[in-house]
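These are the structures, in structure tokens.
Heads up, the next two complexes both have chain A, just with different partners, chain B and then chain C.
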Partner chain A sequence: GRMAAAVLLLLQLLLAAGPAPGRADAGQERRDALREELLLSPLPTGDVAATFQFRTRWDADLQRGAVSHYRLFPKALGRLVAALGVRELHLALTQGFWRTRYWGQPPLQAPAGAELWVWFQPTVTDVDKAWKELSNILSGIFCASLNFIDSTNTVIPTASFKPLGLANGTDHHLLRYAVLPREVVCTENLTPWKKLLPCGSKAGLAVLLKAERLFHSSYHSQAVHIRPICRDASCLAMSWELRQTLTVVFDFFSSGQGKKDWSLFKMFSRTLTDTCPLASQSKVYVDISPKNKEKELLEVSPPPTSVHEAVVQGEKKTYAVYDLLSPSLFNTSRSLNVQLKWKRPQDSSEMPIPTLHAQRYVAGYGLQTGQICTLIYNTHPYRAFPVILLETVPWYLRLYVHTLTIITKGKENKPSYIHYQPAQDRRRPHLLEMLIQLPANSVTKITIQFERALLKWTEYPPDPNHGFYVGSSVLSALVPSVTAMKDTDVEQSPLFTSLFPSSDGSSYFVRLYTEPLLVNLPTPDFSMPYNVICLTCTVVAVCYGSFYNLLTRTFHVEEPSRGGLAKRLANIIRKFRGVPPL
Partner chain B sequence: AAPLQVRLVVPMTVVFGPGSVPRDLSRPLPFRDMQEMEISVNLRTSVTSRYEMRYRSTTAQEEAALSAATAREADAALHPLQDTTMGSLTMYVVPETSSLLPQGINVYVGKQRSALVRAVGSLAALQARLREVTQLMSFTAGSIAAALSDRVPSAQLGPDARRNLKSSLGYEITFSLLNPDPKSHTVDWDIEGAVNRYVKPVLDKLSLVANFSVDSQILYYAVLGVTPRYDKESSSFLLSAHSLPHVINPVEARLGSSAASLYPVLNFLLYVPERSHSPLYIQDKDGAPVSTNAFHSPRWGGIMVYNVEAPASPQASLPLHVDVDMARVMEVFLAQLRLLFGLSREGVPPEFLLESPGNEGLADWELDHLLWAHTVENIATVSTTLTSLAQLLDKIGNIVIKDDVASEVYRAVASVQSAVTKLSLGHLHAAFQASKEAVTSSERAFFDPSLLHLLYFPDDQKFAIYIPLFLPMAVPILLSLAKIVRETRLHRKEPTKMD
Partner chain C sequence: DQAEQFLRSGHTNNWAVLVCTSRFWFNYRHVANTLSVYRSVKRLGIPDSHIVLMLADDMACNPRNPKPATVFSHKNMELNVYGDDVEVDYRSYEVTVENFLRVLTGRIPPSTPRSKRLLSDDRSNILIYMTGHGGNGFLKFQDSEEITNVELADAFEQMWQKRRYNELLFIIDTCQGASMYERFYSPNIMALASSQVGEDSLSHQPDLGIGVHLMDRYTFYVLEFLEEIHPASQTNMNDLFQVCPKSLCVSTPGHRTDLFQRDPQNVLITDFFGSVRKVEITTEALSLDREVAAVESKFPDEELATEPLKYAEQLPVAQIIHQKPKQKDWHPPGGFILGLWALIIMVFFKTYGIKHMKHVF
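Coming up: the complex of A and B.
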């Protein structure tokens, strides 16, 4: 009725407006592309790590243009990048701790809790304001407590975090870094993360992302990386890349009756049935590298589409590849359930030790002082290499910088670069960045003493006796590679190798996070004020009561009738003695 | 709600062409006249509208312009001769027998702020006709009531009143293409071209009212919340009118909130049904298919279902490539946009001819119509906000009002007073600007975070803390009270014994 009338009217005016819209871009190739990838790697301890990567590449300039039209790139993030002048954004939400010593070098590691680091555009005038606004909006998008990021946990690292994407200058005043170690990651963070995927969790690899399985694991880390990249080899134009990554470690050895065999269905209680029609590449990689140069011990089924060999993080690796887009894969069976079986039980005594790993703990006793110790291991047999260590310590642990000692093989190791920014109470944390040379086959021990500050009573979190978290320290290093690596085209190589830029063939970039620390602070007895109130009130009330009685009662002398018990007893005794009674 | 008194003054000029002056005119031209109208909203809110009319005869130039062949040409020629300030209106009365207006048409409303009115015999009849035209071109009792819908008892409001968007400093318009079945359909839409061609001119015109931002997105695997019913007769799927309210919710979760701004979002969704559910048609309440295959949701936006023609041969390879006909889609979305802004041209009497606004999508007088309503709404909002702030302060006395909050309140009061004065002087644009400033200041004052600090320390907690003091102190008092009562009772008994 009335809608039709209105439409009719508009039809008239639109017909007057001009010819029908051109189909200029009908034949034009897509300006955005989606690649998805799942890497399954058995870990030396018998656990299995599954790393999902979804990469959306958009050949558009997000910074310019008031009107933006999104296809595969999620609008929520695109608007954020455009509105706040973000150049690069890395957000990771992690539950659990990646045990580098036992699990080896991770493809992507993140510290426990929430980690956010952002490079802003040089055009942003008030970086702190943009950072505050950004963390608030992100906390809304991902249902995380990122709104607790403020000046007391934000630092500006000078050397540790370089832009991973295209960057003209690296003025570190445009960088902000914050970690919230207390953050608990759960389903409510996963759901919005999944919603950003073009296919949601309806098709493609994302069907495996079932929350009840993903959080039934020893390690869960989900991340979002946004960065500008070169559009092509000539790098004349810029594209935007959104990488959504998710890493889970399933503990099969202890939960699976001592067997190390696994399958997709066992891990995710789902199998792959179809592909995401929007993805231009969709692959599953399974790490089947032979250990100890022995014959292949493991067997994967169904037979892979191809086998990919590459040098990843200094090691030669072999991957079985399942290309979900190849028509042959789903011809034979309706679903893909990748299975891995060990041919014979493998002795787990000799586990490979990663070249670089680290460990951190709090030493000391009492509630006044303490010591943070960091142990960094270089297990490379003959090569020394430098590592950048970044420590962020909250202001309520007052670091004594003069107690900083770095000892390697019993001798003092002088760092070649130190950047220290002291904390200001309730305003900013300590920031300590050092470039330390690690000799071959060595352990470096870094210790620094601190004093615990007293907080105001409103500054304690709920459950203060749980302790206070100190975020992980960050180790960034170019680790020399045992095997030489070849230069590969980034667009062609698998996604798990292409997040960090490789400098040359002889070394590879590693970023490691140590354990977060839990430190006890002197905690007041919070029931004390109430106890004091109760006690003083009782005293006051008792005093008041007796005064009141004194003032209001009337006293008069009362004749003793028969006397008390003592008197009667005395009279009985007197009677016996023949003395007159009292 | 707070008492509110607003007087809206519309300056208008009535120009009599040769041979159109009513016979019973009491005074010689030119002269001034005034008409007042009371719009009743509720007991404490009164809106008076006043039309200040100036009657005069045509000048030589206007006479020449009125001798054009068609009404449109005459309107175009008259435009440079008029008073073009916002809110003012010019009426040209043409002779009863004039050929400017087509047969059966008595009023022609132009693109700008003028109208051609066919003369009627008596002055009273002419004035009645003029009143109808002015109300169409400025505001009606209905449009003011819709703007003040918060204050009107809900029983009095029509269904249309709640459809209009609330006045805001800005709006975000999001066009979303929902493709629930990307396996079967690859849908392409030239949204960029369509926005530039159809939406931008309208928004440029509307930019006077508010800031607009436009973006678009494509959502895959986004399904409606209702499974459509299969109809054997037409071998199509049907969505009935009563199930439409359930359609939006699951989609809404995917739309993505506007995290980066606080403005209300207008959503326009184009839904390409899955292959297993197409073609899909929307039925109205009587069961007839809706010709546009679209519906709108008040204050939210609109949804249009876009059916893909089935391929000629069933074994055509999937996915089907679909190019959306953007002219057809935008027609519907723009009509919905007008509806949501309360600018629909329904309900216009058949003797009225409205000039189509052309590419701009909006005539000048329609913009005025929007400004009148938004100004009144803004003034009402500011008065409500400041009143609730005052009530809050009355209720919780120990809230600290900082100097900057106080200055925002003063500024809001000053701006709203200036808006009311300007409305009563007939300066629509200035009044609207002042009302906008008043809204900004009052909201800033009301939502200032410093007001929140003290709200969460209720008095009963203080009681809980002091109970250990009060309770033991109360015991001797109560005991002695009991004793006094006992003694007075004894006293009362004793005298009777003595007697």
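Coming up: the complex of A and C.
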């Protein structure tokens, strides 16, 4: 009795005192969380856009202290942020172009090719060196040629690209921006992107990410965003947030086979079977907003678990929500195949026009000069708003800033702020940043003339006749909202509403990209060195050779030969006969 | 006998360097060649971290590909060699002669990531596969530069002197491919080529849906041969030499084994194409310290900020308009300006003489 009690007490003391090595973090609360989300929005032209967002939030400070235990946050990116003093990182790889005019404002757009912009911590002394190292390391992680980012395509914007996360002050010398418009996106970029997800592509929403369907689309954009955010509403501590987003637009004609009805199986050739056990939230949102305040046009099946209303990009929208973690969803069948059907055929006159959209093209003829024209449309009936235009033009298109004209409604429109940094040959590109006021219901045309340079023959790429790309220009604007947005708790609202921090509800921030341009430079004929060598050598051999012969050739008489054996024999016989020899 | 075999091979790790040197859509077959060797090598056990894959152009997501994200090797789209899990280390414009030689010799800029390096040592067996357009003594890279057989032989000699390989298998599938291995002079190299000097390597079959030839003949039959190999198979190199006789290949494949020390009869295919690890069983025991785990579980304490942190304003119009341009750092005048001023001053004093200085001051 007493002995047993004493032994029990001793055992309890031992267990409480020493830490059990196998349960090292069982007592701690979880400091990281994963939320995943899929947004399906049917577009006015009959296409459908699917946006995946995977957000890992980690309540730790990567800069201070040696963090060695990575759970949901990928170690490759965590080590990168800590070692190079990165405050914010945004990398996007895109194939295709988002047609704002026909599809509406994008939730998050990226330019064609690869785009990388990074804010460094103020403690970093040599920002250029850190930038070069960062692009090399990222090229290894994502199998992209980001190592081609160097001073010839990097710029330091002064007004655009303010930090999206917590910021203590914005010294723009800590910002770097580069875009590689020629970069191709394919499965080898998707594979490492999927491997960064905590569940990989084996469970949860990521099972839908199959390359054969994702690249057979009009627009495919995958991005990685790392930034510090407020840990809670009081915002006294910060957490690190990693967002991986993937936007894909399936074409009505090629993937949809000409029918406007979509389903998960039709889009991805797969359905959802289970949830990622590491995710704290896993939802599918379908945009069922009625157009023109009429009754709903779109029908979804199976019936959603709930309906969510939110003000997104200044408009009131309704979403059907499928919560994959709710037990009732997978009750009837093991797989979830969300289907969208149109109740009645859509009128083509119902296509809404977005408030802000832009277009860019190259004008002119010939291989010497040209003109870059940008058209920016403000279709709001009575509100004007400012827009910042950022253009990065490679050094071999020499811009003439004195030919810059900005014309709105027939009159000249002087920008409130211009920052122009001219290019240095082979060292720095052109940077043009302007803050322009767009009057209500207007079209603004910005033109600038350029001259094409002749490159050295070793600087041409192996396929120079394809042309040279000029990266997309960036338009950042605060567009007035139709419906005022209320301040809601970031943690409760869907992920697609919380990427851009909003200051007041009367306007929302949007970043648009224009088309990239393809420009032909005067290209030499690369077979000419061979032709010239052949021709020169022939001419030299013929002319010089002839002169040399004429000058140095002497003529001398040659003794006739004594003749062959037969002739000698004949001569001997003739000698005997007394006849003169041959 | 198997134990003897196992002990005699002498390598502890396997590497593969697979290079496709051709650009443009009509050279689809070269990318398919390289990807089929990549697929076999991965299937037989070499991990992505030990494969350096160089593709000079992107065929899978090419706008002319009717089936995006696929590269087929058999007509009627039977076998997708691109797959879902592929890591290309050098793509597009990065595939140059300089980068290829740097990868082989290890003379790479320090900021290159690990996946782009060939980190082999003196116990590595390396497989090098090259395909593209070639001629007598050279191989074309992306239609703009060439690598000659002398350069390649010298690169292998550098690798030997730095002890970067134990044994090397070099396979080349181009026209007149045998000319590329004529000049090798380093030991432990075995070479195979798809055609002799003066012969062209031909392509296999076109697919009418895709519109181009899908594979070259030699690599097509090598792929079929490798599909039957599994990590434990005992097939040796002599069988690989017999792949693709003249009746199937139209060209005469060649091989060179005089530099190789072992008899090809005793060399397994998996010595180069697979990754067979040697396991040494030890009887020593290690005791793990129980206290280590306790230290790891503590998180560094954080101090909270005194006032709330805030997000930056995305478009602060007033702040932007009133931004003062940064004062340019004053640099002392450079050489040209100094020289110009020195010239002007010299001419002035030569003309007017020193005695006029007092009028200046």
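Quick notes
The criterion applied here is as follows: the second predicted complex is superposed on the first by the 503 of 582 C-alpha atoms of A that agree within 3 Å, B and C clash if a C-alpha of one lies under 4 Å from a C-alpha of the other, contacts with A are read in each partner's own complex, and residues count from 1 in each chain.
The working rule: a residue touches a chain if its C-beta (ideal position, glycine included) is under 8 Å from a C-beta of that chain, and two chains touch if they have at least 3 such contacts.
From a predicted model like this one, the values you see are computed outputs, not experimental measurements.
By the touch criterion defined above, A:G200 lies against chain B but remains apart from chain C after alignment on the C-alpha atoms of chain A. Touch criterion met: A:L278 reaches chain B, while chain C stays clear of it.
Within the superposed three-chain model, A:A566 lies out of touch with both chain B and chain C [touch as defined at top]. Once chain A of one complex is fitted onto chain A of the other, the partner contacts of A:L551 are absent, as it touches neither chain B nor chain C. Within the superposed three-chain model, A:L582 lies out of touch with both chain B and chain C [touch as defined at top]. Touch criterion met: A:P461 reaches chain C, while chain B stays clear of it.
When the two complexes are overlaid on their common chain A, residue A:P74 makes contact with chain B while staying clear of chain C. In the superposition on chain A, A:C534 makes contact with chain B only, while chain C stays out of contact range.
In the overlay built on the shared chain, the residue A:V542 is in contact with chain B alone; chain C does not reach it. Overlap of the chain B and chain C interfaces on chain A comprises residues 21-22, 24-25, 68-69, 137, 140-141.
On chain C, the positions that touch chain A within their shared complex are 23-24, 58, 60-61, 67-70, 82-89, 91-94, 111-116, 142-144, 290, 292-294, 296-297, 299-300, 302, 304-305, 308-317, 320-321, 323, 325.
Looking at the complex, you find that chain A touches chain C at residues 19, 21-22, 24-25, 27-28, 31, 60-61, 64-65, 68-69, 95, 132-133, 136-137, 139-141, 143-145, 147-148, 158-159, 162-168, 170, 182, 184-188, 191-192, 210-212, 214-216, 230, 234-238, 386, 388, 416-417, 419, 435, 461-463, 476-478, 500-501, 503, 509, 526. Chain B meets chain A in the complex at residues 174, 182-183, 188, 190-195, 197-198, 213-218, 220-221, 253-254, 256-261, 290-292, 294, 296, 319, 323, 325-327, 330-332, 334-335, 338-339, 344-347, 356-359, 361, 465-466, 468-469, 471-473, 475-477, 480. Taken together, the chain A residues at the contact with chain B in this complex read 2-7, 9-14, 16-18, 20-26, 66-72, 74-76, 79-80, 83-84, 137, 140-141, 195, 198-200, 202-203, 274, 277-278, 530, 533-534, 537-538, 540-542, 544-545, 548-549, 552.
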